[in-house]
Amino acid sequence: LTRGEDSGLEGEIRIDGSNTLRPNSALVAEQFMWENNRVQASVSASGTGAGFQQFARREISLQNASRPITDEEAEHCRENGVEWLELEVVLDGIALLKHPDNDWCECLTVDELGDLWERGSDIETWADLEPEQSDEEWPDEEISFYGRDAASGTFDYFTEHITGSVGNIRNDYSGTPDTNNIIRGVRGNEYTIGFGGAGYYYENEADAELIAVNYEDGEDPGDEWDDCIVPTRESIEAEAYQPLSRPMYIYVRRDELARPEYREFVRFYLENTQETAREVQFYAVPDETIADQRETLEAAIEDYT
Amino acid sequence: MSDQTDGRLAGFRSALSSIRPNANDGSLTGTPGSANTEPPEITAASSESESVNRQRSASDSSASAAASAQTAAAGESGAGLSMPAGDKPLGSPRVDNAVIEARDLDVFYGDTQALHGINMDIPEKEVTALIGPSGCGKSTFLRSINRMNDLIDVARVEGDLHFHGKNVYEDDVDPVALRRKIGMVFQKPNPFPKSIFDNVAYGLRVQGKDENVEEKVLTALERAALLDEVEDQLDESGLDLSGGQQQRLCIARAIATDPEVILMDEPASALDPVATSKIEDLVEELAQEYTVAIVTHNMQQAARISDKTAVFLTGGHLVEFNDTSKIFENPESDRVEDYITGKFG
Amino acid sequence: MSTNTDTNTSTTTTTTTTTTTTSSPGGDPDGDDLDFDFDGSSIKRKHQLGTIFLGLCFAATMVGIVALVALLADVLLEARGWLTWEFLTYPPSQIAENYVPSNYGELATGPGGMYPMIIGSIYLIIMTAIFTLFLGVGAAIYLEEYAPDSNLTRFIEANISNLAGVPSIVYGLLGLAVFVRAMQTGASLIAGALTLTLLILPIVIVQSQESLRAVPDSMRQASYGAGATKWQTIRNVVLPEAVPGIMTGIILSLSRAIGETAPILMVGAATTMFTPPDLTDPTGSFGAMPMQIYEWAKMPEAEFQHVAAAGIVVLLTILLLMNAVAILIRNKYDKRS
Amino acid sequence: MSTEPIDLSRNGNDVGTIGDRLARYIFFGCAAVTVATTLAIVLVLVNGATDFFSTVSLTEFFTGTDWSPRAADNPSFGVLPLVWGTMMITVGSALIAIPIGTLTAIYLSEYASSRVRRVVKPTLEILAGIPTIVYGFFALSFITPILQQIYPGTGTFNAAAGAIVVGVMIIPMVSSISEDAMSSVPDSLRNAAYGLGATKFEVSTQVVLPASLSGILAAYVLAISRAIGETMAVTLAAGALAQVTMNPFAEIQTMTAYMVEIGTGDASVGSIGYQSLFAIGLTLFAMTFLMNVLSMWIRSRYREEYE
Amino acid sequence: MSDQTDGRLAGFRSALSSIRPNANDGSLTGTPGSANTEPPEITAASSESESVNRQRSASDSSASAAASAQTAAAGESGAGLSMPAGDKPLGSPRVDNAVIEARDLDVFYGDTQALHGINMDIPEKEVTALIGPSGCGKSTFLRSINRMNDLIDVARVEGDLHFHGKNVYEDDVDPVALRRKIGMVFQKPNPFPKSIFDNVAYGLRVQGKDENVEEKVLTALERAALLDEVEDQLDESGLDLSGGQQQRLCIARAIATDPEVILMDEPASALDPVATSKIEDLVEELAQEYTVAIVTHNMQQAARISDKTAVFLTGGHLVEFNDTSKIFENPESDRVEDYITGKFG
């Protein structure tokens, strides 16, 4: 059984890395393969870090990354003579979620969030969390915590930007690799708070609501934005939802650009990623960024043909 | 109190049932001169059961004499085919002091009939031996006494079996209660994988006779002539004993609960001669207090230990029942004689 | 008769112990005392207990059956309407709408399905079957036909029974460290198949041993007596006799392997495949049904729960078919002997 | 004639002899693979765990009550919460499977007709053959919603749902192996008890059950061992929150679920998170190994001898 | 070349061993007047083995006469304990045309000894019957001839067994090669679950005698007196035949490869009289071309079909070996006479 069209291109492209970015790359690969059905672009998701290790060892040809490459990983690549191209392909917003019946907590500052989520936090109930100048009394009910698991880039990013260092998180939160489960967790209990990809929220709007974030220390996002910002397509693509929106990347191996099917695939990726990002609950990077990256790519391709 | 009345009436009732034509068995009704057609005046007899028994056995012996004459003639004409008419065995199947009375007892396994209209009594406090070739239904008969046949899915019993005058196949009889009165010892020693003590105590505990268990266990072991050998190892597993000891353990287990009747199905067939003779001594001993029915393959054994002997022959027929001495010295049936002298079977 | 009934009622009101004492005068087996408890009224309590116990046992049996029915019904209900021919023959998609049968007509690409994973699983199982057939039967032959009754043999057998109890995820870890990393096969079909092979090997060995043991010794003797060597005897007489049993065991083990998720997950099965893995390139990447189901179950959109259920139905169907084949072989074999 | 020289030597008759000798070594090689597998498992696990324990002290690992392996500035590696999670699932599923499985075995062996047994036993065995991921799905889509109806505080992920599905999964292990053990109790023992006036209930519980005890206990141990190592069902159903809690409706994480988390997540080779995989794997292996040894010991210690 | 020398010397060596006092058996050494103290001049004889045999058998008969006298006396004093001295059987265990010669053959199963110093020859193209009570080691002896005992883990063989003068227990003997010369038929018919044709062809194929398979199979079936009955169903399973046909099929299988010797271990014990008599006819027929050794429980059978008879008695001793007519008409040992007349065993 063969599906799709035969463009004459043929070969295997192994993609691995971020769990978070996987759906986007998978969708791009899927669409690419409908047009080039003799190219086998397989997507695995062993995580950004594990992916970079394989990338450096040339075991894979394209790496999904939910964060930029670290110095250590870059060093590793250089040792093996792997040269790469970093392409920003999607934006993600990390949403803070609450139960639909929770009408007391609308907005939290980053500091409040830090106090709430940090390791050893003594905030146990919503009443503990209640800001001084609140209109309403917050219930004296224990909060339950959900979030992405410690093995995810989402987790790394969230902890780094909310509690100040990677991995600094209270140890009674429930971490899961499946954001869906976070939504289910939130839906199951009125006093839950959770964090996870914003896109998942929009798939399950009936089950959860968003908590807005007030980034007092950050750049002023501009006049059109309130202090309390919820992750929406506009707020994220305008990078106003801070600090919880972030770009994600693919890393392309320059030497692989010699292969026509690989070349075509990367081109195809940049062409389609804005659209696919939205389909898999991410947000599109700005047009200018895409245009710039195309030029970089074409230049690199020049070198290898 | 009423139970006692029941017991006293049992003899009468059994007498009644023994002369009632068996509606199930059409073949009987037509048999001329059969004991079943005895004049019904006995039904009127409402005296004590003992006297009923006596009366009956008197009439029976005349009947059986007639039957035996008839069979003897048949036996000459076609050996191997002669059957006592109307499933009435030769000899004297009625005894005065019967505890168990089988009346036209048929047993079927699925479609095959393993016992054909058995009529015989088992006398109290005597040893009754059941002999016959393999497959003739001895075990089947034994098992039908304490309703162990209930445990075989395909087994079906028709006819009556009276225990103290009560038909044990009536609906209101609980086989569990019955088996507490009628103990059983099996062909292969089958001690539980428990200690010797617990093996013997098992029946007591199950039957709720929890007082003086220790004393009762020791008495039972003593009576089973095993106590001396196992006194020091009552806590050890019953499986560690030798075959003969195991079988005596099973006998001790059976008598510990003080049943009235003990059924033994070839209790010595798995044992060596020494163990066998111990068991034989024991059986004779037991007969002083218990009613014993014993199946054996071994003719000499039957001759040695039993008071009465029932000879079954192939096909599930009881051919002759009489005093053991009579059976072994001068059987009425030729086929029995052939069997006993080893000419066939 | 009526007096008898009276006795019944009176005895039920008394306690078991007193009834026992009245109905069996201790130490007096005198036959004249006909005070018998024929209807078992003194043990009524025990009979009631027995009835309750039987009820409990029956209820317990039903728990398992009901759970099985509930599980199958749950999966089938969730999958209803989502399991189509297209689902079986198209590659998977990231877009939930692609799986909705009513959308099929207006899709830009094509319906979503699990075709490459079905084929991937089948390839995986074929390779696993080849490895286990060779290793499992070989080991069983050694243990049954060759091994001396030595400590080494006993050690090997104890070791096999221990291996049967090692959790599947530990095998996954083994596959990851040995095949993927040390032997450099990468996250490939062959690494998956080898891992699954090691996982089911102990079960296959034990079942093959049983089948070999069931071959009557008279067959072997007949063969040796005819001047056959050991190997000839095994190949011409013992194996043909044991094959149905061995096949049954292997198929049942494979049906376990085909549903295993943890090992292939550790080994790194791909989650997106457009075309089936290439059997001629065993070091290429591979996908398999359970991995895909796990992936779908983790997807955010609610629709994917149904897609996962549809995938489960496909997996269970294949699994039950394999079981049916094993049972057929066994029945055919049983009739012969 | 009788003195005619005769050649009975090995080389003289070579049909099949080479294959014959080769076969022995090949088959031995196959059997040796199983030993190599065990060796490889131990080596891989010990090797990885050694790296882990060069960073983390054994005391911390086995006595710590906080499992935060990924915390950047102050990770802590107390395996207790994971072991606790595994124990909750194991004990919970045993509480379900052992009584139900044993009663089922008694029903099948002592009460059911052979026709019923022939149908019911393999039907139940299907339960053990269903992929564990299906159980995970079943827990999320069926069991947990029911639990939430009964006890509203139930979390989306909870130990109870995990224990229930694992319990259901191992019922056939208990029931089938126990039933085999009970059926192999010779009828003569049953007859002995019936002959003494025991009721069916007494025969089943006082004679058959004790006589088949070793088989039944071995079944329990095997089932428990399986529950300890169960992975996908508990990963999906019980969650990923490593905590020590008494509340069965709260989320927990088992050792296996943690391994899946690391296995699918972003642990790079050489990182402490990756190494912890092997430390946990080794602990798991040790636990199931002990269970196996226990089961072998039970079998040999209490081997039934009826004769 | 050395093999040949070996063969020629075998007769000499066996003669030597037969007179060597059995060091293992202390009880023997003290026996006065035992055959073991024969003058050693035979050891000097280095001529051709045939002549050695002749010579030896002559000296043997005198020795056995002495032994028999002694044993007869012993037999009267304590029946059941008399054993021929020095494991030397009564009768004439040496024959002129021996194909197989057992010399002081002991077989052990673990620690228990199943055969004690067997000395006997099996003559060429005759039927040799082995009789004796159950458990006396007949099967063990038969299996030690073609080394089927190798297949029993606990079995251990000591002493010599010569086949055409070659000791088959020497290291360089391949049991597979040996079994290709010495076919075997077992107590229970054991056809392979293959077609009738393949059953018979099996031996041919494993022995690499692949030419004219069809012809050879048909000939073998013909000789086994089975061809007529199965001609039309050669492709059907061998298991579908009746018991007697199956056993003839096994015989056909054994003779298809044209061995020199055929060993039969109670080949008719599982069969009905009709089938048995067919097998018996067949055995007599076979003896025209093959050397046949047959174990049987059935004395009449041995008497009917065999030329020589060896009588083993309990404990694994060969008590007497002689012409069948001699054994059945006038055995030298009283115990053999008792056994044959059914007085014991």
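By written order: A, B, C, D and E. Residues from 1 in each chain.
Quick note on the criterion: a residue touches a chain if its C-beta (ideal position, glycine included) is under 8 Å from a C-beta of that chain, and two chains touch if they have at least 3 such contacts.
Model, not experiment: these values are computed from the prediction.
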Checklist outcome for this item: Touching chain D and chain E alike are C
Checklist outcome for this item: Turning chain B onto chain E by a C-alpha fit takes a rotation, in degrees to the nearest 5, of 170
Item to check | Most widely separated chain from chain B, with each centre as the mean of CA atoms | outcome: A
Next on the checklist: As a test of whether you follow the contact definition, which chain pair has the most C-beta contact pairs?
Outcome noted: C-D
Next on the checklist: Can you tell me which chain lies farthest from chain E, using the average of the Cα atoms as each chain's centre?
Outcome noted: A
Checklist entry - Of the chains present, which has its C-alpha mean closest to the combined C-alpha mean? => result C
Item to check | Between chain C and chain D, centroid-to-centroid distance (C-alpha), Å | outcome: 13
Item to check | Rounded Å distance, chain A centre to chain E centre (Cα mean) | outcome: 87
Checklist entry - What is the distance, in whole Å, between the centres of chain B and chain C, each centre taken as the mean of its C-alpha atoms? => result 51
Item to check | Residue list for chain B, restricted to those that touch at least two other chains | outcome: 176-177, 180, 207
Checklist entry - Which residues belonging to chain C are in contact with no fewer than two other chains? => result 43, 46-47, 228-229, 232, 297
Checklist outcome for this item: Touching two or more other chains in chain D are residues 15-17, 20, 140, 199, 202, 264, 269
Item to check | All touching chain pairs, where touch follows the definition stated at the start | outcome: A-C, A-D, B-C, B-D, C-D, C-E, D-E
Next on the checklist: Which residues of chain C touch chain A once you look at their complex with the stated criterion?
Outcome noted: 89-95, 109-110, 115, 186-187, 268-275, 278, 284-285, 287, 297-302
Checklist entry - What does chain D use to touch chain A in their complex? => result 66-75, 140, 148, 153-157, 239-243, 251, 261-262, 264-269, 271, 273
Checklist entry - In the complex formed with chain C, which residues of chain B make contact? => result 2-8, 10, 97, 99, 124-125, 163-166, 168, 172-174, 176-178, 180-181, 207-209, 258-260, 289-291
Next on the checklist: Under the stated contact criterion, what part of chain D meets chain B in this complex?
Outcome noted: 113, 186, 188-199, 202, 206-207, 210-211, 304-307
Checklist entry - Where on chain E does chain C make contact in their complex? => result 146, 148, 151, 153, 176-177, 179-180, 183-186, 188, 190-194, 202-203, 205-207, 250, 253-254, 257, 259
